[in-house]
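First the structure, in the form of structure tokens, and then the observations on it.
Every chain is named by a letter (A, B, C and D) in the order it is written, and numbering of its residues begins at 1.
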Amino acid sequence: MTATSPTMTRRVALGGLGAALAMPALRPAFGQGTPIKVGVLHSLSGTMAISETALRDTVLMMVDWVNAKGGVMGRKVEAVVVDPASNWPLFAEKARELLQVHKVDATFGCWTSVSRKSVLPVFEELNGMLFYPVQYEGEEESRNIFYTGAAPNQQAIPAVEYLMSEDGGGAKRIALLGTDYVYPRTTNRILRGFLKSKGIGEGDVMEEYTPFGHSDWQGIVARVKRFASEGKKTAIVSTINGDANVPFYRELGNQGIKAEDLPCVAFSVGEEELAGIDTRPLVGHLAAWNYFMSVPGTPNAEFKQLWQSYIKNPRRVTNDPMEATYTGFRMWTQAVEKARSTKVDDVRAAMIGQKLMAPCGYEEEMLPNHHLSKPVLIGEVQADGQFNIVWKTPNAVKAENWSPFIPENANRRR
Amino acid sequence: MSEPVLYLDGVSVVFDGFKALNGLSLIVDAGELRAIIGPNGAGKTTMMDVITGKTRPTAGVVRFRRHDLTKLDEASIANLGIGRKFQKPTMFDALTVFENLELALKAPRGPLACLRWVLTGEARRRIEAVMEEVGLAARAHDRAAILSHGQRQWLEIGMLLMQDPELLLVDEPVAGMTDQETEHTAALLVRIAGRRSVVVVEHDLEFVRALGSKVTVLCEGSMLSEGSIDHVQNDPRVVEVYLGR
Amino acid sequence: MTLRLVLIGAVLVLAALPALNRLPAENALHVSDFIVSIAGKWITYAVLALAIDLAWGYAGILSLGHGAFFALGGYAIGMHLMRLIGPRGVYGHPVLPDFMVFLGYKELPWYWLGFDHFPFAILMAMLVPGVLAGVVGYLAFRSRITGVYLSIITQALTYALMLAFFRNDMGFGGNNGFTDFKELLGMPLNTAAARGALFYASLLLLLGALWICSRVTRSKLGRVLVAIRDAESRARFLGYDVTQHKLFVFVLSAMIAGLAGALYVPQVGIINPGEFSPGNSIEAVIWVAVGGRGTLVGALLGAFSVNALKTWLTTVAPDLWLFALGGLFVAVTLFLPRGLIGLFSRAQR
Amino acid sequence: MRTGAAEHGGGAGGFPAPPFLKVDMRQLLLALGLMLWLALPARAQDAFTAALPGLAGGFSDIATSVEQLGVLGDPRALPVLRALQEGRLQRTADGRVLLPGGIDAATGQAADAAAAETVRLNNRVRQALRGALGRLQLVSPDAAERGAAAEAIFRARSAEDVPLLQAAIAREADAGVRAKMVLALAAAQLVAPDEEAKRAAVARLGAAGAAEARALLLEARASNPDMATAIDVSVATIDRALSIRRAAETLFQGLSLGSVLLLAALGLAVTFGVMGVINMAHGEFVMLGAYATFVVQEACRGTPWLAPWSLPLSVPAAFLVAAAAGAVLERGLIRHLYGRPLETLLMTFGVGMILQQAVRVAFGAQNREVISPAWMQGTLMLPGGVAVTQNRLWIIVFGIAVLLLVVAAIRFTRFGLEMRAVVQNRRIAATMGIRTGRVDALTFAFGSGIAGMAGVAVSQIDNVSPNLGTGYIIDSFMVVVFGGVGSLTGTLVGALTLGVVNKVLEPYAGAVLAKVFVLVAIMLFIQRRPRGLFALKGRAAES
């Protein structure tokens, strides 16, 4: 199915040329009807390109995949790729263009919260449908967005519970390190509430924020070491954003911080981020996600195979947001088939309750709050850059996008 | 006797240990025309720079009437009534002859005043008169960039006239001029000198002679000799360092 | 003269855009909703380009920090828009914006007071950039920092502001900045009517900015600025206080940029510290270079053409557009020192 | 993208074993262990085999087994625990535990390893493992191993370690190892019931002056209220020692940041300072250098004897790549814009965009992994207990070396002479037969090449991604302007000053505000001295 080369696929998106050009001869014949268009709104240049290009490729892979199966409702699916260039107002403009000019039926896109916040009014005004594949801070629920990444209760809280458990080392003191933006701030606020409920005092929590792309971690890591020398088992909870992680982990390794003494659990570090680091000094540090590439089972094996043959590189890794994109795309095709329509209102109704045996090895379900039920997995970094799953929830956890640990949510408008 | 217009006493300027001016003293009276000569590096241009505020003296007194020039910046000094013509004619190439003169015309210099500025008939007549005087009337609307070297000299002299200063500092005004133009310039400076003080720096001794004024000879940053052109030409020290070569 | 005619024509076409949008879709003159919605944004970019051109093209002040003034204006109106959300925020707090509720603020910081009034916000959109430009300009011009040094300083200025605004503790919403605006002057945003109104407001601002800029450049002040640009020290010896003149035009330019930012934000629906990024400011300078600096029309032409190109290329060539745009910048500086407008005036001669 | 480490992880071939795992040593120990085992009473044998099945269970079973194996003192435990630590211990579905090579740990016989899977670790197991191995290795013939064992016991301490350590101390000949053991003994005594020994331990830990000792003391304080005063005195002693050390470490951090700034700015000091060219693509040249490092590393990967040298080899490679790019840029574009610095600025910004996207297209948008060689990893203890990270120390050294290289190139080479001549008077230089165009190209290439070398250093501490350069360009310009354009001394002093000031401010103001303060301070400073710290006088300052 993936005989299409990446460049050719790009050309489809590029010129909107017909599939005839790009698809090989054994492509199934499509039935009546115009192609179904999906928008791809991921940054291909600028600071976020590091993370987002892989998601663009994932969507294109899924488009190929569904077309190889005969399309959706017998209609071909066509991707419209745009580059919002890590520029938030440009995200809004491109969203509008996708909806008004290209009249896409669904859009897969965004990584940062601010990009989602920027396009949200556009999707609401023009009644579009956005699939957002990244774990985020919650505190949002738009009828035009389906959130296929984790809400805080599906990632952060289980991870900290694990750290405090006997298996996780029994941490009594927590250093919250994060990049200074809304996801870490919110997550840490939720965690503070949670830690308080577990009887950990204010004095045993350290919170520090750094700018995006922060590269000089010497001082902060030294301060964390000092924080850890107060005679209680200490752990680091990192909400450091993608790019700053490489220098952070290098510094952890070089300052000799061993996972046995001072474990660090991260919520934004996956296989892609580790690909830029020598992980041998980091063995034992943790990450909490809803998917790891090392998950056993057929759905994941298929997913990995699909990806590595599409990208023509047997060593390319998969990660959690890619899996969320995959899951979202498949649920969307299921919902379209169920609704027998691509109209946003129909598909939205059909989306709720969609189930899929996801690559993470659990059955995920789209809940009425537009979030997925997901399992929580905790993995330890291994020397080969993969994660060794050391803990997982028995079942998929329902998303709580409005955290009970944020008191203001009590008087939230509904 | 009235107080001097320009009063320099013991002025020294040191650049990186090199003494460009070394205890220079100079007095220029009202209405006086003064020629300054000296070999290259004698400090002529540095002296001009000190008077116009471009260079701060390391030591010494520089006064224009009662004003201490060492405390003022270039613009304030210019606005006190000191005009300067540069050795290398400098003007605004992107502007026309007329506009260059208009900018030089004595008028309020603040940004708001410039924004509100309206060219009155009287101002236009003055500009036109100066253009006649410097022989550029025909080129009023040509950009300064396309003038010949001699015309640029004249335009700068014209700008000096428009400023209507009390003291004119003129650095090598006749370089690149024809003999006829040189004569014309000498006559012009002499005419101006009645009402204003003029300091001329020049190499061309014929021209200095034509000015018929008192001459100051600078050498190595200080005054070597002063007097009529005949007096300095016969001063053995002058002959040795300057004329003799 | 011809340029002015072209300009008038262009403004008329722009003014007609919302009307052409009402035509039925099959009409040849029909303009899509999308074009109308981004044209308003481009107009604010054009005003920013005018402001930069006034400082750079006429007075020779190459500020690589004009994006900062634009963003500050945007933040001022953004604060107003946030105040107008009132109890419609997610947490239903009557006064505090959501992000403040969230970060545990108990009351509005003092610098947020007054922004519930529209005239105050607009005043601040001009004053804050103006005062900042005044302080920075005074210090820099007084010390005779010119040319590339000034460019580097202004670039550092916008960089420092970007870092500062990224901090959530500043009380400006950190990285997310301000979004989710509801209304302005009683009009609900996100409606065609509001977009039309903002479009015409931007057009009015553009005309106003053009009028002010041409009033300045055609006065004697304009000639003084050119004089300062070409031979700063000569202007001093003529008695012009260069610091004052530069400061005047720099502050004026910053205020125009601030107003442009103020109209930009309600149209794009978001303001965040990314607007301060040095790259944005350089890009805006490049619009002016592409169009042709030292001519007001050139600034407009550059802003529209580069942005139109960018909008088009980011869709048709998402992987390659940076090559095209980068190549354009290189080609223009090498081969068209007077910008696109230079092509026209060369053709005229 | 994961290119290389997967090969490493496979462990089949070239992966060099850490020194303490040398095969001969292991065999030696194994033989020693077997001999002891034969002499052991049957009861211990039972306890050993009884503890083994736990290793095939869940993480907490494994941890319990490990702890049991550690206190048994049974030498057969050593190979089992070692294999576990290395991730080479396997277990079968029926609960048997297999050593590498498919040997059943309980029986010592070869067993069927077909359906076996690797026993996985978590941090709790690792912690237990460290303590257990520590106890077993305390008798190791290798001093370094005994030292590591003492450190492990220090962290894992328990009351049972006291006699073990006392015996080991009595035997120990190596003073360094002995000191570690004494400290570990103090840690163990702190949790043992002997009150008298505990008091002595408090004092000894206080004298050690280490952060870890401080943690232990504070931990003990809660359970020993009667000793609170003594503990407080010891903690205060440690804090005094630490505050001095901390100041030294802050200084080091500042110098380290400064040396990165220096490296990034040195190239700019040449292109901007000497030639007056504003190159906004400078950061992209740094990025090219980092990618050159990556490419050299990949090229060396296939040749095992070359692989450890890939980083030193990258230095000339990065220089050449960036210098070539610089020469092309200068000859092709920049020379047409001499005398128009502002246009050069805009043009090179466009070039930067193109370079960034070109690298993104060629290498992908993801970060590339550049591995630090072993000699650049970890921490070095300076006298006085000041800990400095190796990679940053090497970057400081590298920064100084590059600076000296630049100075030497300008002072002592024909090229440097011609360059200075052209800068001082282009026309006269030309009349004397210097080909000024060539000198321009070489100078620019030289500056760009230095940026490329900076990229080698940056690849050791930062992301190797297409955006790498954007993070350095403004800082570099600030360093050059602050230090004084055209002055290498200025660049050096400027970079180090900014680095140290930044790091001193950081704990008080946070990383962002510290940087903002520094930027504002530079802007204000330049008002006072528009030409920077070390202003050049004369002609160069005129422009």
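The criterion applied here is as follows: contacts are C-beta pairs under 8 Å (C-beta built on N, C-alpha and C of every residue); 3 or more make two chains touch, one makes a residue touch a chain.
Chains and their UniProt names: D = Urea ABC transporter, permease protein UrtB.
In this text, all values refer to a predicted model and were calculated from it rather than measured experimentally.
Chemist: If you take the chains that touch subunit B and keep only those that also touch subunit D, what is left?
Modeler: Chains that touch both subunit B and subunit D, as defined above, are C.
Chemist: Which chain lies the greatest distance away from subunit A when centres are computed from Cα atoms alone?
Modeler: The chain lying farthest from subunit A is B.
Chemist: Quick check: how many Å separate the C-alpha centres of subunit B and subunit C?
Modeler: 45
Chemist: Mind checking the centre-to-centre distance between subunit A and subunit C? Centres are C-alpha means, answer in whole Å.
Modeler: 34
Chemist: How many angstrom lie between the centres of subunit A and subunit D, each centre taken as the mean Cα position?
Modeler: Roughly 29 Å, centre to centre.
Chemist: Can you tell me which residues of subunit A touch two or more of the remaining chains?
Modeler: Correct list: 44-45, 180, 209, 211.
Chemist: Give me the residues of subunit D that touch two or more other chains.
Modeler: Within subunit D, the residues that touch at least two other chains are 356-357, 510, 512, 515.
Chemist: Can you list every residue of subunit C that touches 2 or more other chains, as numbers and ranges?
Modeler: Counting only residues that touch two or more other chains, subunit C contributes 163, 166-167, 319, 322.
Chemist: Residues of subunit C touching subunit B in their complex?
Modeler: 215-216, 219-221, 223-224, 226-227, 229-231, 233-242, 244-245, 248-249
Chemist: Which of the residues in subunit C come into contact with subunit D in the complex?
Modeler: These residues of subunit C touch subunit D: 62, 136, 139-140, 142-145, 147-149, 151-153, 155-157, 159-160, 163-164, 166-167, 278-279, 282, 285-286, 289, 319-320, 322-323, 325-330, 333-334, 337.
Chemist: Quick check on the complex: what are the subunit C residues that touch subunit A?
Modeler: These residues of subunit C touch subunit A: 32-34, 37-38, 41, 87-93, 99, 101-104, 163, 166-168, 174-177, 179-181, 189-190, 268-270, 272, 274-275, 311, 314-319, 321-322.
Chemist: Can you name the residues of subunit D that touch subunit A in the complex?
Modeler: 1-3, 5-6, 8-10, 59-60, 120-124, 126-127, 130, 155, 211-212, 214-222, 242, 246, 249-250, 253, 256-257, 260, 356-357, 360, 364-369, 371-372, 377-379, 387, 389-392, 460-467, 471, 503, 506-507, 510-512, 515
Chemist: In the complex, go through subunit B and note every residue touching subunit C.
Modeler: Touch residues, subunit B against subunit C: 52, 54, 73-76, 78-79, 83-84, 86, 90-95, 99, 102-104, 109-112, 114-117, 119, 159, 163.
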